[in-house]
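Both of the next two complexes hold chain A, though its partner changes from chain B to chain C.
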Partner chain A sequence: MHQSVLAYGRSRYLWVALAVCAAAVAAYALDSPGVPPNGGTGLGYTLGTLGAVLILWLMSFGIRKRAYASRAGTVQGWLSAHVYLGVSLLVVVTLHTGFQVGWNVHTLAYVLLWIVVASGVFGVLVYLRYPRLLSNNRGSQTKDQLLGDLADLDARCLRVTAGMPAEFGEALLANRDRTLLGGTAFALLAGQDRSQILLPATGGATVLYQALPNPDQAALLDWLGHRLAASSDGGLSRQLQELLSLVGARRTLLARLRRDAQLKAWLEVWLYVHVPLSFGLLAALIAHVVSVFIYW
Partner chain B sequence: MRVLIRFLRAGPAGAVEQKDKLYDGESVTLGRATDQVVQLKDRRVALAHAQIILRNGQPVLISRVPGGVLVNGTLQREARLRAGDVVTLGANVLRILQPPAGCELAFSFELDPDARSQGVALELPRLRLAELGFAKRRWSWGLFLGVLLLSLAIPSAGVRSPQIQERLRASLLPDDHWWSPGPLSRVHEVLGTQCEACHQKPFQRVRNDACLTCHAANLHQHWPQSGSGAVAPAERCASCHAEHQEPATLVRQDSAVCANCHGDLKARAPATLITARVTDFAADHPGFDLPVSEESGLRFPHDLHLAKDGVRSPVGDTVLGCQDCHALEPGGARFRPVQMQRDCGQCHLLDFDSAYPERTVPHGDATAVSEFLLDYYSRRYLEAYADPRAVPGTARRAGQQLAAPERERLLRTAREQAAIVTQDLFERRSCAQCHEVTRDASGAPDQWQIRPVKLSSAWLKGAAFSHAAHSTALTRCETCHAAVDSKAASDVLLPDIATCRECHAGGDAHATPPDRITSTCILCHGFHGGDNPLWQARAAAR
Partner chain C sequence: MTGNRYKIAIVGGGPGGLSAAAHAARLGVAHILLEGSPAHANTIQRYQKGKHVMAEPGALPLRSDLGFEAGTREAILEAWEQGLAGQQINVRYGAEVIGIQGAAPDFSITLKDGTGVSAEQVILAIGVQGNPRRIGVPGEDLPVVQYTLDDPDEYRDETIVVIGAGDAAIENALALARQNRVLIVNRSDEFNRVKEGNLNLVLKAIEDRRLECAYKASGTCIERTTDGRRYVLALAGDQGESRIECDRIIARIGATPPRRFVESCGIAFPGPDPAALPVLSSRYESSVPGLYVIGALGGYPLIKQAMNQGYEAVEYALGRTIAPADEPLLAAKLKILPFGLGVDDTLALMQAKIPVYSAINPLNFRELILGSRITAPGLGEVIFLKNDYTNSFFSILAGTVEIEVGEERKSRLTLGPGQFFGEMSLLSGRRRSATSWAGAGCVLIEAPRREINRLISSVEGVRRVIDEHFIARAIQTSFAPEASYDDLKAIAASARLRRYKPDEVIFAEGDEADSLHLIRSGSVAVARDIGGRDVVTSYVAAGNYVGEMGLVSRTGRSATVRATVTTETVSLDAATFHQLLQKNPGLRDQVQATVRRRLAENTRMEGQPQSGDLISFLMQQGLGEATDVLLIDETLCIGCDNCERACAETHAGTSRLDREAGPTFAHIHVPTSCRHCEDPHCMTDCPPDAIGRAPNGEVYIRDNCIGCGNCERNCPYGVIQMATAAPEKPGLFNWLLFGAGPGPGQAKDPADQDDRGPKKAVKCDMCRDLGGGPACVRACPTGAAIRISPEKFVQLIHDTTG
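Take a look at the complex of A and B:
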């Protein structure tokens, strides 16, 4: 039975995290250090140490999840604690700063922490929502199966055009070659279709080719539609109708492939922020602690 | 521009198939990407490899890869194309042809027969971020090392060597200022970015010596009377004076530092003269050390002067307020001492002769008063004097010479008159109203003595108190000073500690009721020695 990492162990780590936050807030509220609250008071050092230990433990999740032989708790339990304690870190560290920020290495570490935690929260949200969307979209097919279907459709299109005037073969070939799937991070994440097609302009004595944007096969479907409307040849019309239905299927399949890539990209993209920035944070944390004691 | 593109394809049995296409567009782009006009399925070709545009009616090839494009066998960034030119793009060869009528450019396009088998394989679409060159591990290392270098390695190089430090501070590279957790307080701004002025040795807390480099050595005598003249050995300047804080407060405000010792001072400093245990203003603070009565040498009933119906004055009954006699010193800390002429003289006139009410005796010197009156009456009697009590017709004309016996008689009369008025002034009228006057039997001009006046200008000298700071919408003079009911000048009209506690709570901010003020030791007391000029300045400023 699938269980969300948030609900793991009856959300026991939620209560642990809440207890950590409540203890930190209560200590902060009751503390009167005589100077503006900052990381250098007794409570400041305590919260700072707690925050640093939490950061190191949270980062060790990367080791734990690869240690398949480890018996130190389940990975799901670790992830649940990782999520909740990671968010509680914001409270602990914000109180450690005493709400003092500036242009310095200390605030750099603090800002990096916020970005890392925010990207992690984003990751939790997409992981809660996207896997279901992903499997709904795929309908029990793998990506390679979908790509195989696409290749089939292209082959069938070209077979149909074999018995038609050359311009249709060229158009369908250009459509196959200039169909763009993915390619850039933005195209993946936005589900953007930047496909193009080279089509002869309709009408006129000379046949002029133009490169046209062809999102969702629209330019090709439009061109085939016009050809069908202008066609008086029964055989050609039937072939055109067949082509139209094949290109329509291709359009649906491409949209599914793009949606698949898009969902998967969103499932992954936050990690490209979360992981590298957490290492940046680790470096900033080291610099923060060492520099504070160099200039004690 | 209109372009003729001639596709050449090797047909069966070695024959070359030719297919012409007319293309219309802004430019002809050549590359591997799907949005190129001529799509070259060759991995050696860049996504966008080259572009042909029309410049002044002439076709020009522009390379979109840094190395340039092979035109007639030589790499060129930009080349004007003429018929017969050969452009090689990977396995593909473009031959520029003579354009037919209506076209600006014509070229044939053929796949190099030797390279036909390689590079034309269809690329699989890249549908994962990892396939796009995104690499978490590389970025992680890069960020880790980059941040460590910029935030720690480079700035700490400056800590090790003053020469490097100087260069770093002059450069755009990060220096140790990048470590500063907050701005310096205004008094220390002069130190600028010279971190080492205070942080003299790495990994060592700021020492008192660093502070004493600028501050006088005797600044921090906390126990002037004990003779030791030393700060308690464990105390660091920085334990009370924390820098780099926002909001900038250079002085620690809580009571813990004081209460640590003053909770049991005998144990910490056996020679101390301070016996009181003090840890908190509200809970644990001795009463004020005030005298039972004030010996000012004056008679002054506050109640009479502040009577609701007013007090008798030269211009009739006048209702007086505190401020009619008392005025704040500049700065507002204390009231200036009351002065007779300025503050009392409006009502307490020192006249003595109803014929000349504008004439007054001097104030402040008893002997001078006696001598003044003798001088005054002698002159009056020797000159024309409109004494209302004098016998009519005795007035003389100006310039009239007096005979010696007559002069003697007049001077005797004057002396008698002066004696009467002097005694009247000292013992009944003006002086005695306010002063305690005694008289000896000598009969000399200094026979009257005024008891010296000692006005206390500052009470509670161990604490800083500002009247200006206490002047609020809720406070009036009588809130603290029971002057309205005071009948004698000996009354000490200072409030006791209970009055202060009506507004001032203890030092624990969390225990302070909403209508009270958190009051730590430092609110009223200074830490450093009482004879310290800095401390006195602070007391005056409050």
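Take a look at the complex of A and C:
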């Protein structure tokens, strides 16, 4: 009932793409222009034209995706064709080059094409794999519900610390305020936890607080654990145990939120390569075509 | 007239009552308008500030001495206020009527303050809102107590007690708690019978200490503090007694429906059904001579209707004859008929010709025809197709209609003048079970679902006749396509209509198999006990039957069948069923084929333990009453929200679906989106009857929506919103090249988001005006979003868990 982009319409665009590739390869094999194969032969122009038309059509996917009322097929059908025909472009264009490359605008277009297609293939892989991971990680909750749970845990932590010595309340407040979700693009993609915490420094007469890295709540859990081990007050120990279990739950929740952000980031990041470079490709393609005709 | 005796007393100062009083004043008739609250048009006063009030039905002319046209609440109230002053209307506010005794020309009206009014004629225009139930403790009349809350943001830094534990109380308490200290007083030890969303919100607010709650508590008295500035509410409960000093007490403990009061005046109702309307003549006169009932109480919920009736009722009360304001509309409708009679005579003739309508009073019949279509389709023209989702009800005024019956061996049935058809879909909410064509000289009355449902609940005769036909035709469609109607009637007489609540067991595994159930509306889940665990093995929708296995094999029940939603079945006892089997040799094969198919399905489902859980999950989401539901496969969904954007872009800027919200099970996500219920909750109380159902199933809202919000409140799935249309967007290239305005998929500029124009109800309409299917599904790049009907659930479950 549900089917993936690759399986769409019994993979009909796979067969179209294979047919395009097979025709291009066969024509290339059979063609004997009398000069080394290149973009300037009859077949070269044909393949070049086909490639250019394909590029323009592939880029029009962005328009179709936003033409919400369009009756021209479904977006999934377009994407399926976009994927298969996009990959077939590598064959068509490579044959168009006649395997001649150099340090020029023509090869720039060719290289950009490879990067765009490669990023697209990466995108397909991510699309096929990550949604399931995302769904498993989130359970049946939405991101807002997870954030709500986090706020809830924080409130409960503070309620417990209300009846404890001040340093606990301050530590838990600092923990809440210095918890980072996301951050830099790299931290987001790597799922890094750059959260910090302020904890009382050991030794010295006056209590000094120092900022410590607190990935996965480790520093806080460690500190609370030490306090519990050192505690001989039954009431305080019970409160510490309760705090430990709350902070433990908070760690799990933060990991899930971070994982959610990480997976979503990967689902999007390739588009930051794919889309701008495809416009770069379009520019290079225009330069390529114009220069070919000027310097004929 | 002198003293307290009037020619006409009008009870209720809403649109109907005001209009009646204005007309009486203009005619110089001695009259009095009695209004229980301190101001006129109490219901409209309570609308939120600036609310746009609409003037539907547009085609109906206004006939009143007061003005009324669509506009803001303030403009309308102001116009009436001026009318009240200018026309010298004799009005008494704060005059709550508690009894009306007598009959024309000698009524005596008792007021709450103990005084009385006598009148020759009475016009009752009290609407259906009823009076708010009062706290019933000493001090309840102090100004600290209020029964409504217009704008919670008006109050700040106050201590407010909210009494009640229903949806209204919870919504008020939560809204007030944003800026005030709020205590909610609940008589019970939990919040039951409230919407799940409200339940979660209130429990969370109490846990977070944003809201205080006194459980198992009730007020015992209210008094002023000694300095007189604040008030004290004494509470008694399990925890002993306590005294709460507060600035305001808001009681939201429901309203007493007006029916008991109306009955106490001697006005007769046709039956005990709460939806039944009082018996009225075509002059709005009730069973008490000289006591007229107009407006919503008489079944006319729209302002303009009530105002027209107020005017007309005064004319009638004075013994004059006046054609109702809708006369020209009816005349135009009836023009197609060849009778050459006046409107009243034509209507009477129509009632005489169609027996099912003969028991209806002329006023209701008039309303029915006003809402109906009268058509004369050409010979052979299709009236509706099998599997269409329309649910109107047809009666034949002249000529014939042919209907195809039977599954495999089809035969055509001819219906003649006076007969009706279309009741199957009307009652079950499911697709049309057969195609119908017009015969020679065919003239039809096509009545909308709402009007017929109103008749079914008000007129016992109509209900009985339609039920009998339904049972006979249901048996015919499922079991005996060739049987004559007389044969069927005998069988139908032994059949029983049964109604089950959600989760109620229809029969249990191991029970004796004594009957077969044809599901008339709703749906059921079939479960078996496997190793001590209840495993759901299948789901059966309306229009199908259950219980055949035990009857055919003459053993006990092999499974437990439960209603998933409110379900009605036609049950046939074993003897009748076996008699049917004997009479129709083909039927035995057909039933046995069903048994085989179901056994195979059961085995398959039992092999996939998760599948039963998935069915249970889908049923818990209320999909048992869905006809078309949006489901997202989370293993494919990349969260791009293109579905929401497509929806907003194709529907005036408001998305009618919320992708992320809603529960998920086994990677199947049920987003908040309309599932086009077979018996739509949203349709239950739509004053202008603006919610319709198209042949392919979608439930949609027409432009004559008045924005009252009833459908939003009635929808248990939260898929209806009140919204204004967004401004037009620039074209794609204008945006791309010149940066003009918001681009495709972008929300409108927040600066433009102030509420322009009236808010109307919006919901999924399955993109009926777009062609090519729902935009959300078509815009999904990965194929995660699909829309399916419940018949395909089993396939989906097999795909998902297999």
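Going forward, the second predicted complex is superposed on the first by the 289 of 296 C-alpha atoms of A that agree within 3 Å, B and C clash if a C-alpha of one lies under 4 Å from a C-alpha of the other, contacts with A are read in each partner's own complex, and residues count from 1 in each chain.
We adopt the following convention: a contact is a pair of C-beta atoms (placed from the backbone, for glycine too) under 8 Å apart; a residue touches a chain by one contact, two chains touch by 3 or more.
For clarity, every value in this text was computed on a predicted model and none was experimentally measured.
Peer 1: Look at A:184 in the shared chain and tell me whether it touches chain B only, chain C only, both, or neither; answer first, second, both or neither.
Peer 2: In the superposed model, A:184 contacts chain B only, not chain C.
Peer 1: Touching A:293, do we find chain B (first), chain C (second), both, or neither?
Peer 2: first
Peer 1: Once the structures are superposed on A, label A:264 by its partner contacts, choosing first (chain B), second (chain C), both or neither.
Peer 2: It touches chain B and chain C both.
Peer 1: Figure out whether A:155 sits in contact with chain B (first) or chain C (second), or with both, or with neither.
Peer 2: second
Peer 1: Name the contact category of A:210: first (chain B only), second (chain C only), both, or neither.
Peer 2: Touch status of A:210: first partner only.
Peer 1: With both complexes superposed on chain A, which partner does A:100 reach: first (chain B), second (chain C), both or neither?
Peer 2: Only chain B is touched by A:100; chain C is not.
Peer 1: First (chain B), second (chain C), both or neither: which does A:143 touch?
Peer 2: Both partners, chain B and chain C.
Peer 1: State whether A:282 touches chain B only (first), chain C only (second), both chains, or neither.
Peer 2: Touch partner of A:282: chain B, not chain C.
Peer 1: Quick one: name whichever of chain B and chain C touches more residues of chain A.
Peer 2: B
Peer 1: Touching chain B in one complex and chain C in the other: list those residues of chain A.
Peer 2: The answer is residues 143, 264 of chain A.
Peer 1: Would you mind writing out the residues of chain A in touch with chain B in their complex?
Peer 2: These residues of chain A touch chain B: 29-30, 32-36, 38-40, 100, 102, 104-106, 108, 143, 147, 177-185, 188, 194-196, 198, 201, 206-211, 257, 260-261, 264-265, 268-269, 271-272, 275-280, 282-284, 286-288, 290-296.
Peer 1: What part of chain A is in contact with chain C in the complex they form?
Peer 2: Residue list for chain A touching chain C: 1-5, 8, 63, 65-71, 74-76, 78-79, 127, 130-132, 134-135, 139-140, 142-144, 152, 155, 264, 267.
Peer 1: Using the touch definition from the top, list the residues of chain C that touch chain A in their complex.
Peer 2: 204, 208, 633-639, 642, 645-646, 649-650, 660-661, 663-665, 667, 669, 732, 743-745, 770-772, 775, 777-784, 786, 788, 792, 795-796, 799
Peer 1: Across the complex, what residues on chain B touch chain A?
Peer 2: Interface residues on the chain B side: 2, 5, 21-25, 33-35, 37, 39, 41, 102, 124-132, 134, 136, 139-148, 151-152, 155-156, 159, 176, 178-183, 195, 199, 202-206, 242, 245-247, 249, 252-257, 508-510, 520.
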